[in-house]
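Following this line, the structures themselves.
There are two complexes below, and they share chain A, which is joined by chain B in the first and by chain C in the second.
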Partner chain A sequence: MDASEVEFLAEKEMVKIIPNFSLDKVFLIGGDLGPFNPGLPIDVPVWLALNLKQRQKCRIIPPEWMDVEKLEEMRDLERKEDMFTPVPSPYYMELTKLLLNHASDNIPKADEIRTLVKDIWDTRIAKLRLSADSFISQQEAYAKLDNLTLMEINTIRAFLLDTLNCMYKLRSNLQ
Partner chain B sequence: MDTQSYFPVPPGVGMEENFLSLDDILLSHERLPIRTECTFPRLGFLEKSIPESPGTKMELPLWLTKGLYERKRKVVSVELPKVYKEGWRTVFNADPNVVDLHKMGPYYYGLGSQMLHFDSPENPEIAQTLLQTFIARFRRTMDSSQNAYNEDTSAFVERLDCLEKALFRSGQSGLNGFQSWEKGQASQLTASSLVLNYRKRKITDVQP
Partner chain C sequence: MFIADIRKDFYEVVANQRVVLLVAPDIDALCACKILQALFHCDQIQYTLVPVTGWQDLGTAFLEHKEQIKLLIKQDDDLSVPSYDDIFRDEDEEGEDSGNESDEGSEPSGKRRRFDEGAVERRIERQRAKREWEARRREILFDYEQYEYHGTSAAMMFFELAWVLTKDTKDMLWWAIIGLTDQWVHDKITNMKYVTDIATMQRHVSRHNHRNEDEENSLSIDCMRISFEYDLRLTLYQHWSLYESIYNSCYTSCSFKLWTLNGQKKLQEFLADMGLPLKQVRQKFNSMDMSIKENLRDVIEESSNKYGMKDIRIQTFGVHFGFKNRFLASDMVHATAALLESAEKDDSETDNFIKALDALSRSNIDRLHSGIALAKKKLIAIQQTVASCICTNLILSQGPFLYCYLMEGTPDVKLFSKPMALTLLCKYLLKAFVHSTRNKRCKLLPLVMAAPKDVEKGTVIVVGIPPESETSDKKNFFGRAFEKAAESTSSRTLHDHFDTSIIELKTEDRSKFLDALITLLS
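Showing the complex of A and B:
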């Protein structure tokens, strides 16, 4: 799986926007998107929000978790815990990149948020590598993967699966 | 997108070889020291040192040895190469990370697994050493493949066995994919490497 494919899946998440145009209810295959009235907030998928923003037809409201204090708490909690802590959103990395690239004027303290999210990401990836290493060096049979996001799994998937394949074949030599 | 148009057949790790894998074909060219147990009449032209009497030592490639080896009719008996013997095994058990596996024969794991076909009495220890070496070296390989972005890794990679090199490459590709996505290069269209080689004239070159 590519990083771009994970980003595509992330674009299905809902985000709040404030449109500046009006439109009746739209009936799409994936679901209905409610009537748009200028100045009234409405929930739409991220792909639509980004498209409207690029055409300057809306203002994006950052999701609740995209706030400096909350992210700092999460980062400190992540550093303290050995296991993976619950994430703000299953696609936090992709949403951060998309929203901060296209709508940074609607999000206060964008740079700090970017740094904090990167810190959280680095901590989680380091924990993931530690647990992969202990998984292999102790030849355990299974590992618990609570609270891991798809993007993190995606970066390590190819390497880990190849290693496990090799290890399995070398182990079958023992018989 | 990073999809390949050519999927090479991977080497079969372990006691099976993949017939179509280039790595396995190259592996089977490694020479093993053997002792002949019976005469090879009139085959002296094949190799200068070929014996006419049984019990001579010589070196044959793996593919030939595998074909000639038979448990019941003793045609050849295989000695272990130096790297899989007792002395080197203790070195590997002590600290596998310092060993230059490429120098020990670029196909350490592959050849070791193939040696298990030849029913030597030390087979369980060889298999165990292979596994333990692999596990111990895994940490270094993972760390350097996941952390070295845009750096020169040749000093580390040249000490790796072929199997580990393939793992290193897949780790690097995961890392590079993520980094290029983060920089936004994933959505930029670039000419495919296959087409660049055709050296066609681009429209910007033709127009005055």
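Showing the complex of A and C:
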């Protein structure tokens, strides 16, 4: 799986917007999108929110977890724990990137949020690397990791699987 | 087509149709084009973009898209237009006139005499009015076609359209500012108009700045911030060293007369007077000491007043986004103009147009920096050419105007085969000449300049600019003059540019064309 595919999947998440146009209910294959009224907040998928934002037809409201204090707490919790802590959203990295690239004027303190999310990501990836390293060196057969997001799994998947294949071949050649 | 209400008559008409945008090769048109493109993207209107360099191009593009064209939108500088009624009298008045005459024929004979007199008087009255109207019409048309000058910037007009549609963004505001600054940099509008337009833009800028800023929720550093600056008139000084900028800017170079040794000494005195060490001043501006940069503008203004440069500061706007990127509007104008007219061998005109258009968006900073590098080369070339022309007395007074011809071997002459670069050189040269000559009469003469355009085809490009004066209204009469001179000598000329004071001429016809021009204007 490619990182862009994960981002594509992330765009299905819902986010709140305030449109400035009016439109009747739209019936799409993926679901209905309710009537749009100017000034009234409504939940839409991220792909639609970004499209409307780029056409200057709406204002994006940052999700609840995208707040400096909450992210600071999460980062500190992540640094303390050895295991992975629950994430703010299963697609937190992609959503941060998308929303901050296209709608940073609607999100207060965007720079700090970017730094905090990057800190959380770095801590989690470091833990993942350590865990994979101990898995291989102790030749475990089974590992259980809670609270990993698809993007993090995707970063390590190809490398880990190839490594395990190589090691298997080396081991079977030895015997 | 003349439009009264831009939103109703223009935008709503094109909103559901496919549009062809024909864009003239100048920075104001480019900015207007960007604004219009952004608006079209918002409303998903399909459009085709066609750059046109002159009336012939316009014609061919029109013919190509003929089947689909219903409304022609050309972006160009506006030329002031007299009111509709003065020129075209409504046709039904004519019909009425002839109708009355036939009525008179069928009147009963008894009343004929009385009617006849009344009718005759009325007819004479009408004819006199008609003659007066014709005379006035001829006068207005003559005035209209004789002088050429520029009206409001097209980019600003499209920004007002966007504002009326409430789709204006900071990007569009910045493009409108660049369009306005282009008119000022290339000396197309008067100072008064520039200041008035700046005030209008300033209102928009403050409106945008107050929209999102708050003490607690400050904007991301990547957001674009436009600010009003009362900044120095030194071209590109923030992207160059201070010394180079002073040396190559038109205003300072002409005031100090930097083509003479005396002038260069004065420049050194000026720098010493401000307390700026030479080593600092020759470094890149960004690497200068912070202590010097802090009060630079005030220090320079004080010192320039002593040296007779009263207007070293000018009202303008600057933008900054990200940590590194700070640009003044005039920087962008110079960079984009250099890209648009780059004289590289491999680039076609459409490529240059696309490159220049790209440089205007925020995501192509590299393109902009390459444009700035080209602009620096262009300015240095202009400075050197001016210095050599003045020192070797290449400017000759031909009676009613001054004339200068750039020989083929002149360095960088390829740069000056493009209209905007040549016009800039022309204005710079005229200013320098006015400062260097002692002949009072010559100071009030306009300048005609010729430079080789295409060596294989053997053509030269000729530009005429009005005389240099403090209160000029920037009206240029050379368009008509060139046409008449070409007609009278049957020289082979091409009046293709949208700016009628720029023409192409065959090298062999140069001398007879000049003679005709002299007799015409004296």
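Operating definition for what follows: the second predicted complex is superposed on the first by the 172 of 175 C-alpha atoms of A that agree within 3 Å, B and C clash if a C-alpha of one lies under 4 Å from a C-alpha of the other, contacts with A are read in each partner's own complex, and residues count from 1 in each chain.
Here is the rule we use: a contact is a pair of C-beta atoms (placed from the backbone, for glycine too) under 8 Å apart; a residue touches a chain by one contact, two chains touch by 3 or more.
Quantities reported herein were computed from a predicted structural model and do not represent experimental measurements.
K.L.:
In the overlaid three-chain picture, which partner chain does A:Leu100 touch, first (chain B) or second (chain C), both, or neither?
P.N.:
Only chain C; A:Leu100 stays clear of chain B.
K.L.:
Is A:Lys109 in contact with chain B, with chain C, with both, or with neither (first, second, both, neither)?
P.N.:
In the superposition, A:Lys109 touches chain C alone.
K.L.:
Using the touch definition from the top, say if A:Gln56 reaches chain B (first), chain C (second), both or neither.
P.N.:
Touch status of A:Gln56: second partner only.
K.L.:
Does chain B (first) or chain C (second) touch A:Ser137, or do both, or does neither?
P.N.:
First partner only.
K.L.:
State whether chain B or chain C is in contact with more residues of chain A in the superposed arrangement.
P.N.:
Per-residue touch count on chain A favours B.
K.L.:
Check whether A:Thr155 is in contact with chain B, with chain C, with both or with neither, and answer first, second, both or neither.
P.N.:
A:Thr155: touches chain B, not chain C.
K.L.:
Residues on chain A in contact with chain B in one complex and with chain C in the other?
P.N.:
Looking at chain A, the two contact sets are disjoint.
K.L.:
Note which residues of chain A are touching chain B in the complex, please.
P.N.:
Within the complex, chain A contacts chain B at residues 2-4, 7, 97, 101, 129, 132-133, 136-137, 139, 151, 154-159, 162-163, 165-167, 169-174.
K.L.:
Could you pull out which chain C residues touch chain A in their complex?
P.N.:
Interface residues on the chain C side: 41-44, 166-167, 169, 212, 214, 216-223.
K.L.:
Sort out for me which residues of chain A touch chain C in the complex.
P.N.:
20, 54-57, 100, 104-105, 107-111
K.L.:
Going by the contact rule at the top, pick out the chain B residues touching chain A in the complex.
P.N.:
Spelled out, the residues of chain B in touch with chain A are 1-2, 12-15, 109, 113, 116, 124, 127-128, 130-131, 134-136, 138-139, 142-143, 145-146, 163, 166-167, 170-171, 173-175, 177-178, 180-182, 184, 186-187.
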